[in-house]
Structures are given as structure tokens and as C-alpha cells.
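Scrolling down, you'll hit the structures one after another.
Below, subunit A partners subunit B and then partners subunit C, in two separate complexes.
Take a look at the complex of A and B:
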């Protein structure tokens, strides 16, 4: 059944490489490997198996990447399709909305250690078998499976002016906060909700890292009378450096690429454009403003940011790992 | 050691508070969904006196949730089947077969893994439009397959690498061709990984809003998550109804989580340990 379903794709992929003979025959019967025709089919089998995946990835991921970079150097509207050099990039730099988006990327980088430390600390406690650790693990992970759109909708209720959070603050004698309406606060609110929704994912990754940690080291440290902060700093952090590195990179990529749903539902980029991120900017220019070339330029900038952030993190964390 | 266990209890308190903060938003929403409008306006925090399931029914019927639900179900099902098929075929070949260019192909997949959708969405929309696939089911399915295939291949490859080569040799001596090995050995032995990866792919596709917004512009083609984004405007003055709509959209995923928590976590960590 699985092979049969793919045969049209398989056949066309073969036709490009061979004279068009029917090689799916041995695949159907599965046991004609000794005839000469079967031998040729055997030789081609790996290529047949990877063909659909390669075609899709090349046609719909790698090719569009090149297309997009090329597209970013062309014009929109009346200059449609003509080469305009770096005009789109210049326009981006002069657009206050895009500058806000870049500024918010900077804010994400600053908040990144918080987003990594929270799941890291919680995983440490769970690993040290705090009472109820199984329950905590299950509860913390569940928001990670919810769609950002649903999380955003739920938090629209939670953060409303007369919603539960402000009600709780009122109990403490603190005034209501306009969580999503105040330009100075809104971005922190959205990032906070994103962390709420995703820390369970990083927590599970940390726990997987802990399972590779040598428990004897921990026992030895305890014997020597090390305090919890000392254990974390001198045993757990060096022992988990690869995991920490992985969580740093994936959390950053997650912040740059999976907050669209939250932004779309919670703030739509407002108030006063204060919650723009590059991905949201790309969407607005492409979907609302009909400026695909400008959107492509913004996409290219986003890609470069991610590349730089990723490489920097790997370098910095490698160096930190080596000193230990 | 009493001191040590005391320390554990001290840590458990903030952790319990955080657990409450994790669960409470969903409880509040569920509670709101069960109230009448009047009840909610008078007191939004008290537990509801009765289960007003008519909100849920009304949300399901009036906004076209049923239609969005069906759209999501069709697209996600086909996309996941194709992802698992293509992903396991390529994963098997890359992990177990030696052929020219195999390591280059694997590197290409890894590279594609780090190209987020936002970076290629503009040209992708154009490619889809040029080939007449925009606003069609096959178009969105293809977009999802393209988006999550590198991840699927990556996980299937690392899983298939753990299958001993002796099993494959034995199967070949028994007269199986490469395709026979794939069908009779790789599919059954890969089942746990296929389940984990399939659930994750299904979650990614089901939860997506950006790709769907871009590829399916017309209202009757909306997927469930895009439908949810339009709830707020429709029910701004009727919060229980709004909450009901959100709940409907969340229930399938919550059920999946309740029953398949372990498999989901396995999929997530399988991706991390190879990083």
C-alpha cells in the first residue's frame, strides 16, 4: 500500500534518469532480485527511495530560498520585476515599523537567557525528584502542544482589563495593567505568553539531557558537601553543555519564527506597532500591503539574523564549554 | 537526611504555583465556556452552576467550525501520510543504503531544516500561484509536506541507523529486494518512530496558522486555527461563546496529549539528542 501510493512520483523520477523501463515491478513483488533486470532495479532503488523527498525539498524549500533572495533585489508595483539593487533594503532601514521589529529582536536576545534558565531550573528540580515531580512534568508540558492561536485566544481572556490577572493584582492592592494596550508593556506580555507556552518543550529536552548525565558525579559532589547552586554551576551546567547549547539555539529560532500566531491573535502588531517582529512584518507586506519584493528583502534579513544568531551562539557556547 | 528533604519541599512550592499558573488559563476558559452570558458578566470567576453546553453547540454551528474542522482533518491526514511515506523511504535510504551522493543529500536535508517558512513564504506563494495550487487542498498539503519533510527525514534517518545491518543482510539472503526490505523490515521495525514523528507532524500541521493563511485565502477553505482567529471579532460581546469556540479547537489536541503524552515527548527528545 505505501509503495503503491507513491508510484506516480517514483515513475516520473525514474523516467528522468533511465530509459523509462518499469522498475517498480520488483518493488511490488519484492523477491525478483536475481534477474538482471532486478539487479538494475536494485542499483536504482536508493535513488527511487529518496526521489520524492529530494524533489519536494529542492522544489519547495531550497529553490524558493534562492528565488526569494533574487526577488528581494527587484521592485514592486510599477517597477515590478526590474532590478533595483539594494533599494528594498534601504526602504526597510527607513521604515520605523521594521526598525521596531529589529529592536524587538534585540529584546528577544536579551530575554533569551530567562527563557532557557526557567526550563533548565525546573528540569533540575524534577531530576532531583522534588515531591510531585511526575505530575509537574506532565502539567508543564501540556501548553506546548497547544496552537499559538489557541494560547493567544485564551490569554486574550486572561489579560483583559477585567480579566483574572488584573483581578489577582487588585487583590494585592495593585492597579490594573493594560497588558496588551500599553506600547511599553505589550511586547513583554507577548514574549511572556510565548515562554508560558513553550517552556515545557525545552524542559523535556533538558530532562533528556539529564538522563545522559553521570549520576556518580552528583553523588560525589553531594558527599563533598556542595550546595545546590554549586552543584548546578560546577556539575550540571558543564555536564549538560551540549543540551544547553541546543536549547539556546532552538529557543531563539522559536522566538524568531513561531510567535506569528500569538502576534496575529493578541496584538496584530499594535499598539502603535510596538509588537512587530520581522516575521510579522513579512506577513503584513506580503499579505496586506501587496509588497512581495519588500517582503522578500525582510525575509532575507530575517534569515541573515537567524544565521548570525545561530553561529554566534555556537561559537560562544563552545568557548564556554572548553574553559570548564 | 531531613535537611535535604526539606529543601525538596521548599522547591516544590514555587513549582506547584507554576503548575497552577499553567493549568488555570485553560480551566478559566472552560469554565467561561459553560456559563451563560449573563452569568459571566455578573461573576466571571465563580465555578459555573450548570454546564451550558449550548454555547459549544452554537459556536460549532454558527461560525462554520464544523467546516473548518473538516478542512483541517483532510489536509492534516493526507499531509501526515505523505510525510511518513516519503520521510521513511528517504530515511531508510540515507541510513542504511550506500549510494553516490548520500551524505550530500543528508546535508541538504539538514540545511533545509534550518530554513524557516517565513524566509521562503513569499516565493513559495508565488510558486504555488504559478502552478495553480494556491487555495487548493493539494497546495496546502504540499506546503505542509515541504515544510516538515526535512524534520521527518532527520528523525527517521537517526532511528533507522539504530537497526542492525545484520537484520537487513538476513532479509536479503531470504530473497528480499531493497523494496522488500523497506516494506517487510523497515516499516514494522520503524513503527514506534513513525508513531512519534507522525504525532509531531500532525501537531505541527494542525496548529499551524501562517502557512494556512497564506495558502488558503478563501473563507470556505479556512482551517480550524484560521477559523479561531476570526472568533474574537464575531463574539467580542459574548465571551462564553468565544471561549466555547476556542475550546472546540483545543479539544482534539488535548485528547491527543492525554493519550499519547509519552510518544510526543519521545519525538521531541529524539530531535534534541542528535543536535
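Take a look at the complex of A and C:
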């Protein structure tokens, strides 16, 4: 019966194709004189259609980028506009402040697993339906909708030397900590606040990943008497490998490109320049120091860092795709 | 099909031309039109200076009734970034506001020398030095920016000190601070050094009591001896004041604007090195402490032979872009913006000590009465003589001094190198 049922469909499709071909023939033959031009127009059509996008990318993205790179080889102040070769880049390498900024990029990469593990663990608890999980889902996501400036202002109050956190520590008999004024602590404080403010988005991605997880595997693990850490390590982590990789990539981009607002409000790059990131350095050189060419060189270096990070991301995602 | 392709090409070309046209810089500048002058600043949007802007506009309109003046108020945080970008792309304003000192001097290559236009105003206005470079004037001063040491008379009374006779020497000052801490429970100084501005105020506020008059004058004229014991003393005292608990805690994470001012306003500290223009000044403090309770003192003498004076410069001032199409019109607007009528409105509305020495301030608060007579004998502030780059470095080094990660010798060595290079 199924076989009998399928053959008319196949025949019908073949018949349609044949008919269509036959139907097309007269038309093609009928316009014999326009055929080469028509074919050329069809060949050109895709190029015409993508032209606006290409033009916009070239004019508004690539061209300014090239201008910026070109500008980085010119001088500031008295040497304004003249070609100075790699002088700006040499100055950057000799500037301890820029080296600190690059070092902080390395610190962010080291702290990345923490930024991924926190939303991952919390999403796991929500998925495993801890009491109040619906409330937690909303509460955890809430900071993601706040502007970094607002978040920074709130935490400036909370973390002030005379602020409530230090008051609470004093109640516990612990000494006050200068969360934003101690150069050894400030960067960790700002990164911590950044993670607090942004992990909601990663949490949502994790929850979406959990929806694809086979619940039968969890049940089987439970039946076999696996503990919670064992379930997380042996069932959830392997099952969510692609999601984890995705969150790694997006969190890294977020940490490298969107901490400016928080830094500006919370520490202004200080104390002692310990919380500088390349983005902040670019802004200071351009805005406060009136060194646009040096700022262009710094932004070119930042661009190269992002390019390397981007290529690594592509490799990671490609590998993740292959595993499937 | 052919027609469709043709139309597509036309559409794409149209879009491309429009897109490129809007992205590319055009040659026209806002000042190209003879009947329009564009002014950039960060002040004109504030309600307290509305009457000042109106007066200046009215003064200008009397001379040039057919010229439109457009004020564009930019956010101060991004002002110099926006100005730099606009100037680079040839779209800058005709007239623009500057802070005196480094911010102006770093940009004189884009400014028109104003000497021939403002000759008549030279006597009436004070503070020209901060807007001059290599003997040429590049902007006309609107306010004076100085660093008086303000004190809270109520705290002085509580501590058993005489509010009418603030300490004259450093030793007297420190013993007064001990009494203030003991009996009034307040710190001696309100300090905010989060952005590194605290050291600038400290250097200029207390420096006149540390450097001898000759050292002071040499410093201002560019002959800065960073190895001098008195210069080192500025940084050593900065550290000692903090180490001895004279400052509020957590100075490196306290913003000067407005957190440190809030510490002073709420009576948690007895002194602050404040400003004279329209923020962090006598009027702000008077609103919290009561105008009669805000005292002004000169720097206590730290070094024998030092003769403290009021440190001040031109605060903010308007300059004219070199690229303006009508320099005379733009300069006339600058003169209107610094006219006596307009500056009187600035003083009345915002409480700023303006550059106009002819304005009668005798009816003002006691703090104003204490500051204004000192203007005549005052000298430029020490930190204003340094370049933006050196000031930025000094901010970071001052944080290192407070946290203990750099010594005074390290600091003066780095400062000397930066000062020499800039």
C-alpha cells in the first residue's frame, strides 16, 4: 500500500517537471534574438543585488578602517599629518599604561572561565528546579537590562569605602576593603560587577541549551545513583558542549568590548592605571591627551587583538560543528 | 529583464552616491555663512548661566543685528573628544570654550591669535596667562579658576579654634587638625583622588606655602627644578597628610567632583581645597553649611621664606577657530561673551568669580569678600603650568604615593622626565 501510494506522486512530479520544461521551450525559442542579453542580465543580477551591501560595507566599514590604520602612521602635535612610520606603535610599546591595558586583556581571558561557569551553574540549578527557580530566572536576568552607567553608579555606592558592604564587613569584624581604590583589587571588582551585570544573557543561552538536553539521560543517571556533581560533570557538561562553547565566545567578546562604560564610571582607569583596557586608553589619548594618531595606533592594535580572538572563535565554532 | 537591471543599477548608484555623500566630509563649515556663528561649550545648557548667555547674545546683537548665534552645549565628559573629531574633519565651530592651561595650549595650532581683537579688554579682564602661549593670546577669560582653602567655621568652633583666625603655619594647622579630629570627630581634609585631580588641587592649594617666591616664579616660567627639596616636599607632604589620617579614608576611590565636596558639605571634614568658578566653590558650600560658616584661608606656611598667595588662573575662556570664515565676527562674539554685563550675570547666576575685575562683589558672601581682594596679589596655580600629559601622569603617581607603591624620589624622577619631554 505505501509503495502503491508513493508511485503516483513520483510520476506526478516527473510529469510536472516535464510539462514545465515543455512549457518553457516555446518561450525560449520565441525570443531567440534576446537570449544572450537575457542570460547576461541574469548573470549580472546577483552582483547588482549584493552591490548595495558591498558598497555600504566598503564605504562605511572598510574605508574608515583603512583611514584609521593610515592615520596611525602619522604624527600628533607638531608632526601633525606627517608620515612617522611605526613611531606611534613604538611609543605604545614603551608606554607602561598601554602595557597594563594589554595585560588586563590577558587577565580578562584568564577570568573568562569564571564568567562562563557562574551562569552555567545557576542555569543548571534552575533546570534542576531548585525551589523558587522561576523567581531566580527573572532575578538573574534583570541586571542584563540595566545600563552599565546605572550599574556602575549603584556599585560605586555599595563598594564605597564608607559604603554598606564595608559596613557589613565591619559587623563581621573584618577590616574595610578599598574595593575600587586598591590597585590589586580594583580590576577584579570591576570584572566581578561586569559579570554580575551581564551573566543573565548567558544564563538564557544556557537555558535554551538545556531545552535540547535529553531528560532521559538525567533520569538514567539519577536511577544509577549519580550525585549532583557527577550529573553535572558526566551528563550536563557533555550534553551542552556546543552551548558552552558559544557562551565562551560571546562572553569573551562582551568582556573585551563592552566594559568601557563600567570602567569609566567605577574607576576611571585608576587607581594607578590598574584598570585600563585598550578601549579606555584609546578614548583617553584621543579625548583628553589630544593624541588622535596615537589613539589610532592603539585602536589598530585593539583591532588586531579582536581579529585574533575572532579567528580563534571561528576555529572553535568550526570544531564544535564538526563534532556534531 | 533588461529594464529591471537598468533600474537596479540606477537605484544602487543613487544609494551609493547618497551614502558616500553623507559619509564624506564636506568643505562647508558652520561658519561659512556670513550671518551665522556657531559656538561650542559645555556651559550654555545650564540654567545657572542662562542669563549670562542671554546678556552676551544681546550685547552681540547690538553690534551685529543680522548675525545669528547658535550655541551648541556639549557634555563636558566628551567635549574635547567631540571638538577634536569636529576640528579634524573640518566641521568645527567658529567659537569654542576651553579650560585654561594645557587643554588650550595643546590645541593652539587650530586657534586664531586674538591679541589684536581683545587689546581693549586686557586691563579690565584678569587671567590671560592661562589662555596664552608663546606670547600670543588664544582665548579670552570668562571666569577665574583658583584654589582657595575653604574651612568649616562650625567645626572650628566645636574644636575650640578661632574661626576668624585660621592657622598661619603648618604646625599650627596640624595641631588644629588634631583638635578637630578629637572634639568634632571630623577629618582635616576632604580629598577625592579617584581621577587623580586631588594632587593637582593639593599642589596648587598648599604649594604657595611650600615653595619660596623665587622657586614659585621659576616654576611658572618653566624653570622647574624637580630635584629641589621644596618640590619634593609637595609630594612628601601629600603622602604624609594621608598617612597621618588627615584625609578622609579611601581617597583613591573617592571622586573629587562631587564626592569629596560632599564630604566637606556634610561636615565630615574641616577643610577642602576648592575652586573659585561655578562648582566646588563658596556658593555650593554655603548652601549646605550656611554662607557665613564658609571660611577662606591662605596656605599655611610649611617652608621658611614662603609667602602664600592666592593661586589662580583664567578658568574657562572662549577662543576662535583658525578656520572660521569671519574672524572679526567671531572675535566680536568672544568680546560680548566677556563683556561686563554678561560676566556680571555669570557671577550673579552661577556664583563664579569672573575675570572682570571691575564687577562689584562687595554685597557677596563673606567668602567672596575674602577671595576677591587676593586676586590682585595672586599668582598662577602651580599645576596649570604642567602639560596635560604630565598632569595625567601626576594623577597616577599620586595614587601610587597614597597606596605606597611608589616613593617620592621615584615620583619626582618620572615627573621631571615627563615635564622635560612635553
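Everything below uses one rule, namely that the second predicted complex is superposed on the first by the 249 of 324 C-alpha atoms of A that agree within 3 Å, B and C clash if a C-alpha of one lies under 4 Å from a C-alpha of the other, contacts with A are read in each partner's own complex, and residues count from 1 in each chain.
As a working rule, a residue touches a chain if its C-beta (ideal position, glycine included) is under 8 Å from a C-beta of that chain, and two chains touch if they have at least 3 such contacts.
Everything numeric here is computed off the predicted structure, so don't read it as measured data.
In the superposition on chain A, A:67 contacts subunit B only, with no contact to subunit C.
Residue by residue along subunit A, subunit B and subunit C are tallied for touches, and B comes out ahead. Shared-chain residue A:192: touches no atom of subunit B or subunit C. In the superposition on chain A, A:180 makes contact with subunit C only, not with subunit B.
Look at A:142: by the touch rule set out above, it reaches subunit B but stays clear of subunit C. Contacts of A:238 after superposition: neither subunit B nor subunit C is touched.
In the superposition on chain A, contact is made by A:158 with subunit B only, not with subunit C. Using the contact criterion defined above for the overlaid structures, shared-chain residue A:267 touches subunit C, although it does not reach subunit B. Within the superposed three-chain model, A:42 lies in touch with subunit B and with subunit C [touch as defined at top].
By the document's definition of touching, of the two partners only subunit B reaches A:306; subunit C does not.
Under the contact criterion defined above, the residues of subunit A that touch both subunit B in one complex and subunit C in the other are 38, 41-42, 45, 49, 52, 56, 59-60, 162, 283, 286-287, 292. Remark: subunit B residues 7-9, 11-12, 15-16, 18-19, 21-26, 28-29, 32, 44-45, 81, 85-87, 89-90, 92-94, 97-99, 102, 105, 108-109, 111-112, 114-127, 142-143, 145-147, 149-150, 153, 172, 175-180, 182-184, 187, 203, 206-210, 213-214, 225, 228-229, 231-232, 239, 242-243, 246, 249-250, 253-254, 256-257, 261, 264-265, 268-269, 272-273, 275 touch subunit A in the complex.
Here subunit A touches subunit C in the complex through residues 37-38, 41-42, 44-45, 48-49, 51-52, 55-56, 59-60, 77, 80, 97, 159-162, 176, 178-183, 186, 267-268, 270-273, 283-284, 286-290, 292, going by the rule given at the top. By the touch rule above, subunit A contacts subunit B in their complex via residues 2-3, 5-6, 26-28, 30-34, 38, 41-42, 45-47, 49-50, 52-54, 56-65, 67-68, 71, 122, 125, 128-132, 135-136, 138-143, 145-150, 153-158, 162, 164, 167, 196, 200-201, 204-205, 207-209, 212, 228, 242-243, 245-247, 249-250, 253, 256-257, 260-261, 264-265, 278-279, 282-283, 286-287, 292, 295-296, 299-300, 302-303, 306, 310.
Interface residues of subunit C, counted against subunit A in their complex, comprise 1-2, 4-5, 8-9, 12, 15-16, 19-20, 23, 78, 80-81, 84-85, 88, 106-107, 109, 194-196, 249-254, 388-389, 392, 395-396, 399-400, 403, 405.
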